[in-house]
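So that you can tell them apart, the chains are marked A, B and C in the order they are listed, and the count of residues begins at 1 in each.
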Amino acid sequence: MTTDTPLLEARALSFFRQDEPVFGPLDFCLHAGEVALVEGDNGSGKTTLLRVLAGLLHVDEGELRWRDAPWHRDACAGEILFLGHQLGLKADLSARENLAVSIGLAGAREGVDTAAVLSEVGLAGYEDEPVRRLSAGQKKRAALARLLGVPATVWLLDEPYANLDRGGIELVNRLIGMHAARGGAVMVTSHGAVSFLGGEPKRVRLHGWGDGTRHA
Amino acid sequence: MATWIPLWVHKLGSPPIFYRFAGLVRPWAFALALLLGTIALYGGLVSAPADYQQGDAFRIIYIHVPSAWMSLFIYFVMAAASFVALVWRVKLAEVIAMESAPVGAAFTAITLATGSLWGRPMWGTWWTWDARLTSELVLLFLYLGVIGLYHSFEDRRQGARAAAFLAIIGIINVPIVHFSVNWWNTLHQGSTIRILGPSKMAPSMVWPLLTMMLATKAYYVASLMGRARADLLAMESGKDWVRQIAQEGSSP
Amino acid sequence: MSAPSLSKACGAILRRDLTLAWRRRGDMAMPVLYALIVITLFPFALGPEDTLLQRIAGGVVLVTVLLAMLLALDAMFRSDIEDGSLEQLVVSPQPLAMLLAMKILAHWLTTALPLIIISPLLGGMLHLPASVIPVLVLALMLATPLLSLLGAVLVALTAGTRRSGMLLALMLLPLCVPVVIFAAGAVAAAQQGLPWFAPIAWLGAGLVLALVLAPLACAIALRIALDA
C-alpha cells in the first residue's frame, strides 16, 4: 500500500560532529507501509541517523522532508515514535506507570487497554514490579509496550532486538508487521548482517564517510 | 541567511578569508595599541598635573577607567556575537564570542585590581563593597561562568553555543545586578566616595584618558584577531586550507 | 485515536516526578538536613550572643536555603538524561517548555517547599524575632521559585557536560545576586521596623517574568545541550 508521496525523505543528508562527518550524504525515502532496515558497522552512524530523524539532532547538510514538505518539528509532532538505546523508562516506576506516562505525553492509541498491552508484550504478572527489578529483556519489553499504547505513524527503533530472547524477537517482528500492514512505516537499525525480519525490508546502508551510499 | 547582508560580510565570515584578514589586521592593531598606550601613559603619568585632592594616587584611573569601560564593551560585543552565533549558526561568531571572553575577563580583573589598589590610599582599605566594584565583581563571575561552560563540553561548537546562550542571559542580568546593587548600597549606607564623581577634570587630565581608551580598544582587536586565528586553525584542522597553511609553514 | 492533550501531558509529568520523589523520600530530606547542619554551625563559629545572631539571622537563613537548593539543583535533569526520559520529552508532541515548567514545579515542591516549612525553625535557632518570621517566609516563597526557575535554565545548559557541580554554582552566582539582595533586604527592613513591601514587590515582579521566560529559555538550553 505504497503511496506516491513518501512520509519521510532524505536528500543528500549528512551529519557532522566537531566538523568530522558522521554519515552521509544519504538519500532514501520511507513510504507508508514500508519497513526500512538501517545497516552498517559499529560507528557508522546508525543511531545518529535515527536521532536526526527524530528531531533530536539538527540537520547539518542536505535536506529532510516530511510528507513532501521541509521537515519541521511541529509538522510531525505526534507522528514519530523514537525508541533509543536508553529506553526512557523510570527505574522506580512500574511498567504500568511508565506506560501511563508515555500515554499521557503522546495520547493513547484507539481502544488501548494498558493491561492487555502489557500482557501482549509478555509482562503479565510483572505490571506493578518496579522496572529496576526487571531483567534487561523485560525492560526492553516494557519499552516496547509504548509501540502498542501510543499512536504514531513512523517508528524509529534503535536496535530493538538487543537483549531479547527468541520470543521477544518474534514479538518485535509481529509488532512491526502489524504496524506496516495498517499503513505505518518503520525504520529499524541493526548492526548484524542477519535480519530477523520476515519478508524483504527496504535497506538503507551506512558506510560511514567517503565511500558512498546506496539504497535498494 | 538574509539577503540584505552585503556580500563582503558573507565572505569575511568564511574561516580561510577571515584567517588571512585577521593576520593582516593584527600587527597594525597591535602597533596602534602600543603607540597610543605609550602616549597616553606619558600624558597621564608625566604631563597631567596631580589632583588637588588625591595627589598622584588619582593617576591610576588611566588604567582603571579604560579597563572598566572595556570590561563592559567586550561583554556587549560577546553578547552580540553570541546572538549571531545562536540565530544564524555562524562559526566565526562563535569564535569571536568565545575568544572575547578571556580578554574581557582580564580587563575586568585589571579593573578590580586597580580599583583595590586605588582604594587603599583613598578609603584606607583594599576592598570596599562599593556599588561599582561589586557590580564589576559580578561581571567577572559572569565572564568566568561563560569561559567555564565553554570548556566543560567535549564538543567545541556545542560548548560555544551553550556558553553563547549563557552570555545572552548574562547581558539581561547586568542591568538588573547594577540596579539591585545600587539599591542595596543605599539601604546599607555604604561608602559614598565615588571613583569618577561629577567632578570637572582639566583637559590636560582628560586627553590621556581618551587616548588610553583607544589604545585598549586597539589592543582588544589585536588580541581577538590572534586568538580567533588560533581557534580557527584548531577547529578547522581537518580542512584543506589549514593543511595548505601547515605545508607552507613547514617548507620555507 | 485520542488527541494528546497538553493538560494531560502536564499532569502525567507532574504526577511522575512527584511519585518518583515520594519513592525516594530519603533524598528529599537531605537539603533540609543540610540547612539544619549549617544553621547549627553558625552559633559555634560566632559565639552564642543573641544580638549578633539576631542581626545576621535573616541573611544567614536565606543564604543557607539558597545553598541547600543548589545542592539539589544538579539532580534536576540528571536521571532523566541517563535513562533517556528526557529524549522522550523532547520528541513528544507537546511544547517542551510546558513540560519543563512541570518538572521545575515538581522540583520546587520537593526541594524548596520543605525548606520553607522549616525556615521558621531555622530563623528561631538564630533568634530571629517572631514578628519578622512571616516576612522571611514570604520572601522565601518568592525567592525560591525564582531560584528554581533560573537554576533550571543553567542546569539545562550543563546537561551535556560530565561534571557540573562547581560550574553550576559559578554560573548561578551572578543570577542570584539580585534575588538574595531583595529577599534579604525585605527581611532586614522588617527587622528594623522599616517598610519592607518594595523589595517583596520587586521579587514578585521578577518571579512573574521568570515564570514566563525561564521555561522557554530552559527548553532552548536543553536543545542546545542535547544536540551532539
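Quick note on the criterion: contacts are C-beta pairs under 8 Å (C-beta built on N, C-alpha and C of every residue); 3 or more make two chains touch, one makes a residue touch a chain.
Computed from a predicted structure; not experimentally measured.
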Remotest chain, subunit C as reference, centres from CA atoms: A
Chain occupying the middle, per Cα centroid: C
Chain pair showing more contacts of the two, A-B and B-C: B-C
Distance from the mean Cα position of subunit C to that of subunit A, given in whole angstrom: 37
Subunit A and subunit B: spacing of chain centres that average the CA atoms, whole Å: 48
Subunit B-subunit C separation of Cα centroids, rounded to whole Å: 33
Contacts with two or more other chains, residues of subunit C listed in rising order: 227-228
Per-residue multi-chain contacts in subunit A, two or more chains: 17
Junction residues of subunit B, two or more chains touched: 155
Contact footprint of subunit B on subunit A as seen in their complex: 17-20
In the complex with subunit A, residue positions of subunit C that touch it: 1-5, 8-9, 11-13, 16, 19-20, 23-24, 79, 82-85, 87-94, 99, 226-228
Residue ranges of subunit B touching subunit C (in the complex, touch as defined): 86, 138-139, 141-142, 144-145, 148-149, 152-153, 155, 158, 161-162, 165-166, 169-170, 173, 176-177, 179-181, 183-184, 187
For the subunit C and subunit B complex, residues of the former touching the latter: 153-154, 157-158, 160-164, 167, 170-171, 173-175, 177-178, 181-182, 185, 188-189, 199, 202, 206, 217, 220-221, 224-225, 227-228
Complex interface listing, subunit B residues touching subunit A: 155-157, 235-236, 238-239
